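Next come two complexes built around subunit A: one with subunit B, the other with subunit C.
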Partner chain A sequence: MFEDFLDRYAQSNAIRNVNTYYKVLFGIITMIVSLVSTSPVIPLTIFILVSFIILFRAKIPAKFYLKFVTVPLTFASITFIFMAFWFGTGSYIYTLGVFNLGVTVSGFNLGFLVFARMMGGFACLAFLGLTTPLPEIFSVLEDFKFPEELLEITMLMYRYVFISIDEALRMYQAQQTRLGYSAGLKKYYQSMGMLIANIFIRTWTIGEKSYVSMQSRCYNGKLNTMDDHDSIKGIPVRNLVVLLLFEFVLSVGVYLTGSFRVL
Partner chain B sequence: MHIAEGFLPWYWCVFWYALAIPFIYHGVLQIRKIRKEHPEMTPLLAVCGAFIFIMSSLHVPSVTGSSSHPTGNGLGAVFFGATVISAICVPILVFQALVLAHGGITTLGANDFSMGVVGPFCAVFAWKIAKKFGAGYGVAIFLAAFVGDWMTYVTAATELGMAFPVPTFAAAWVKMMIIYSYTQIPISIAESFLTVIIFDYIMRSRPDLLVTLKVIKAEDASRYDDEESDEPPKKVPEAN
Partner chain C sequence: MNIIETKNISYHYPDGTPALHNVNFKVEEGSKVALLGANGAGKSTLFLHFNGIIKPSKGTIFVDGDEVKYDKKTLLKIRQKLGIVFQNPDDQLIAPTVKEDVAYGPLNIGLPNNEINERVKESLKSVGLEGVERKAPHQLSGGEKKKVAIAGILAMQPKIMVLDEPTAGLDPKGASQIMKLLYELNQKGITIVISTHDVDMVPLYASKVYIMSKGTIIKEGSPQEIFKDATTIRDANLRLPRIAHLMEILNKKNGLSSCKPPYPLTIGEARRRVLEQNLI
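Here is the complex of A and B:
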């Protein structure tokens, strides 16, 4: 159910050891370029380029990446269809024949632009999520003066999410061995309800226990980790120049293709 | 209701960030206060956050660039106050964007404003109103969860309608609310019942925490204590 979790790839991909700041900078800046674009050309280019980096540079298995892509792809496609039909003004270029529905030029263009921007933005998010473990992203946030208390809660939450996945899996298997999900629809919902209600309770119980044991080992509200962080100064100049050039080319592309429309 | 990455035009992204940040800041101060005064609350706070994370990850696709899912923000808002949820929603939304490709970094302001600001504030409001009219804890928490969930979606529809007011804002808004309703009515009712179960459990097992947070009155907590505890009754009959 949850075995093939994304966190595993974040911990062991081919560019795992590249400077964290470099990856975060690349992800965020490219995302912003994709967002400010007014034509679908650059966001789609970004999607293809970043997907190539994910697949061939970070060496994420294509099967897993494709599965990951289907989520936003479904959303984006629904958006595209919805906007093409409902978000346009002007005359129809294609009519469905029923319900007086049709596709308009402005609706099609808007839908395609949003589709492209969603896919471009998604690729950057996937890049960050698949190549950088979350604890390292936390350490970047810490450097950007993200409040300490919130970071503390975040780390605990991160741990609790994994506890609850473990517990959910355990309970799910226990229920299955007792025919929990295969004895009719009513039983299915009953089992589901039991499972979800107990996830919270079990997680909390375990969380309380671990908190007490942490306190008995001198926990004073700060989790100290022993790892040598990357620093922003550790990025090689050559890489920085490449990054800036890349973003510059993309920005010029945004400017040049600004008025491009598919229809 | 997470609006997907790249869906909103950039000026709306900035606008919603600007609206959400004061609440987040206040929430951080509140968390700081809670951590200082009642450090024993930390696990409950983190579990409430994890609860929001899990609940809002169970989504089905809905209106354009958005989805339909339970929010789970009512429970935490009633316990810790609305702005605490505003702050806690930030890391949750970052998680979801990075790990599940659900929501996004640029749309984080908008998502936080709906799920972390308007939803929780209305949940707390509903809880207070229900208590004022003498409703029991079960009814009040049900209403809080229900209102919290729905107001989140009303805000999300407003955000989407403002970004794409085609043909007009009102028409777009109504359209989105209708599409949301199909999936959200059963989801929100199920979520509210679930919240009641969880609240009831917390009230039975650790009423002291809820008394400290001023969620329930001390005499109600002791009533639960008497039912549950294995200790001998407090009034020992006098020996003759």
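Here is the complex of A and C:
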């Protein structure tokens, strides 16, 4: 399944063993630069650069990455279209002819900027997701004083997503065995409804069982974790300098291209 | 000395269905005890009484000489001493990586980090799983998950380990590995209690057997004493070990008098009997 792939690449890619903090810093700072940019130039540059790193440094197969990119690309495109039509003031440069709808210059520029920021930000997130196993990101977040409660929920979710997928797959196959999805559209949706309802019930019972087993191991309301992962001090100075230089160049780019507009 | 002792405990489910009735279950320190029972006999429910997860409606429980009381401090102490390995490892493994999961119990006890690292390493080694520390539980096979679950309990260094159906769902090799591991742990001084309905395994493994049916203990004793009474065994929806069943048929249907009760329960015992009496 899709999630399984993502997780598998995170566990085994060419830069899996690079210091986690380095990767997280790179991802987050680049994302911030992409977000503060007021022109679409730098976010798109970031998208291309980071995609190159994902494909040629982390050696994620291009086929998988392209498939992965289509998801945010679709969303970003829809956002772009909607913003071009509904946001912005001024005279129309293109009119649809119905409902008085049209594209304005400001709407187009705003839409394109949001599109660029989304793609730039996505590339940074994809970089993190594809090169760093989630458990290691958790430990970094813990060090960055991310709220404990949220982190615990996230950690448990990470574990149970896979159990739920397994359960769902098993139930789906069991339904197929009894022709659940091949007896017409109405039956198809009925089967899907049953599957979803059952997953909820199963989740509940699994949750209860897990709580019992956690109590048996002296659970006291706090999910403790080991802290023996990479350390921020383990980043080689050379790498830090390269990172800072990279972000600096991007920031200068943001400053210089700040007033650039497509139209 | 009895390291676990329940005195007349009864339990009703919240909806009123009786689950346990006057159960007296004793486990001697350092022994290997098997609790035999069909599905729904109440084995798992009884186990959850041992570490205070379920509070009996009636009766008291003693673990290592102390009465189980339901305040936080006593419960933590008891849960450290008595570890339960659940039937489905997916219910038990909760951390994102194997290492963190094994470390979960010791972390809750509040041990220092170097000690935890030591214990994690040792527990994974004793279950025969090394080099998977950084893997996520969903990347392991069923047998490996079971071993991680056992390692997670071992890392708390309990005096007693209680395992609910430890071999359920494992392939024959995986099952015998687990049983061998339990034997070794017992040699090191850990008292081991298992629930099972694998009757062939019981005589090989257990020094004492309890049979449970419909929430009550209906028989207790050594494997020989237990399986002598075939009617009771069958009434509890169980059966004799295959070897014993074969001997029973040879004795009753074919009139082989040398196969008379007590029937041999294991391949080893049967072999000895066959050779001694020149059956072939």
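The definition used in the following text is that the second predicted complex is superposed on the first by the 225 of 263 C-alpha atoms of A that agree within 3 Å, B and C clash if a C-alpha of one lies under 4 Å from a C-alpha of the other, contacts with A are read in each partner's own complex, and residues count from 1 in each chain.
To be clear about the criterion, a residue touches a chain if its C-beta (ideal position, glycine included) is under 8 Å from a C-beta of that chain, and two chains touch if they have at least 3 such contacts.
The structure displayed is predicted, hence computed values, not measured ones.
In the superposition on chain A, contact of A:72 is made with subunit B only, not with subunit C. Contact with subunit C, but none with subunit B, is seen for A:135 once the two complexes are overlaid on the shared chain. After overlaying the two complexes on the shared chain, residue contacts for A:93 are found with neither subunit B nor subunit C.
By the touch criterion stated above, A:82 is placed in contact with subunit B alone, subunit C being left untouched. Residue contacts after overlaying the shared chain place A:105 against neither subunit B nor subunit C. Contacts of A:11 after superposition on the shared chain: subunit C is touched, whereas subunit B is not.
Contacts of A:156 after superposition: both subunit B and subunit C are touched. Legend: residue contacts after superposition of the two complexes on their common chain; A:216 is shown touching subunit C, with no touch to subunit B. Subunit A uses residues 7, 134, 156, 158, 210 to touch subunit B in one structure and subunit C in the other. Subunit C meets subunit A in the complex at residues 48, 51, 53, 72, 76, 79-80, 83-84, 86, 88, 90-97, 99-100, 103-105, 107-109, 113, 116-117, 134-139, 152-153, 156. Contact residues of subunit A toward subunit B in the complex are 6-7, 28, 31-32, 34-36, 43, 68, 71-72, 74-76, 78-79, 82-83, 86-89, 107, 110, 114, 117-122, 124-126, 128-129, 134, 137, 147, 149-154, 156-158, 160-161, 164, 193, 196-197, 199-201, 203-204, 207-208, 210-211, 221.
The touching residues of subunit A, counted against subunit C in their complex, run 7, 11, 133-135, 138, 155-156, 158-159, 162-163, 166, 206, 209-210, 212-220, 224-228.
Listed in rising order, the residues of subunit B touching subunit A in the complex are 4-7, 10, 13, 28, 31-32, 35, 39, 42-47, 49-51, 53-54, 61, 63-67, 87-88, 90-92, 94-95, 97-102, 104-106, 164, 166-167, 175, 194, 197-198, 201-202.
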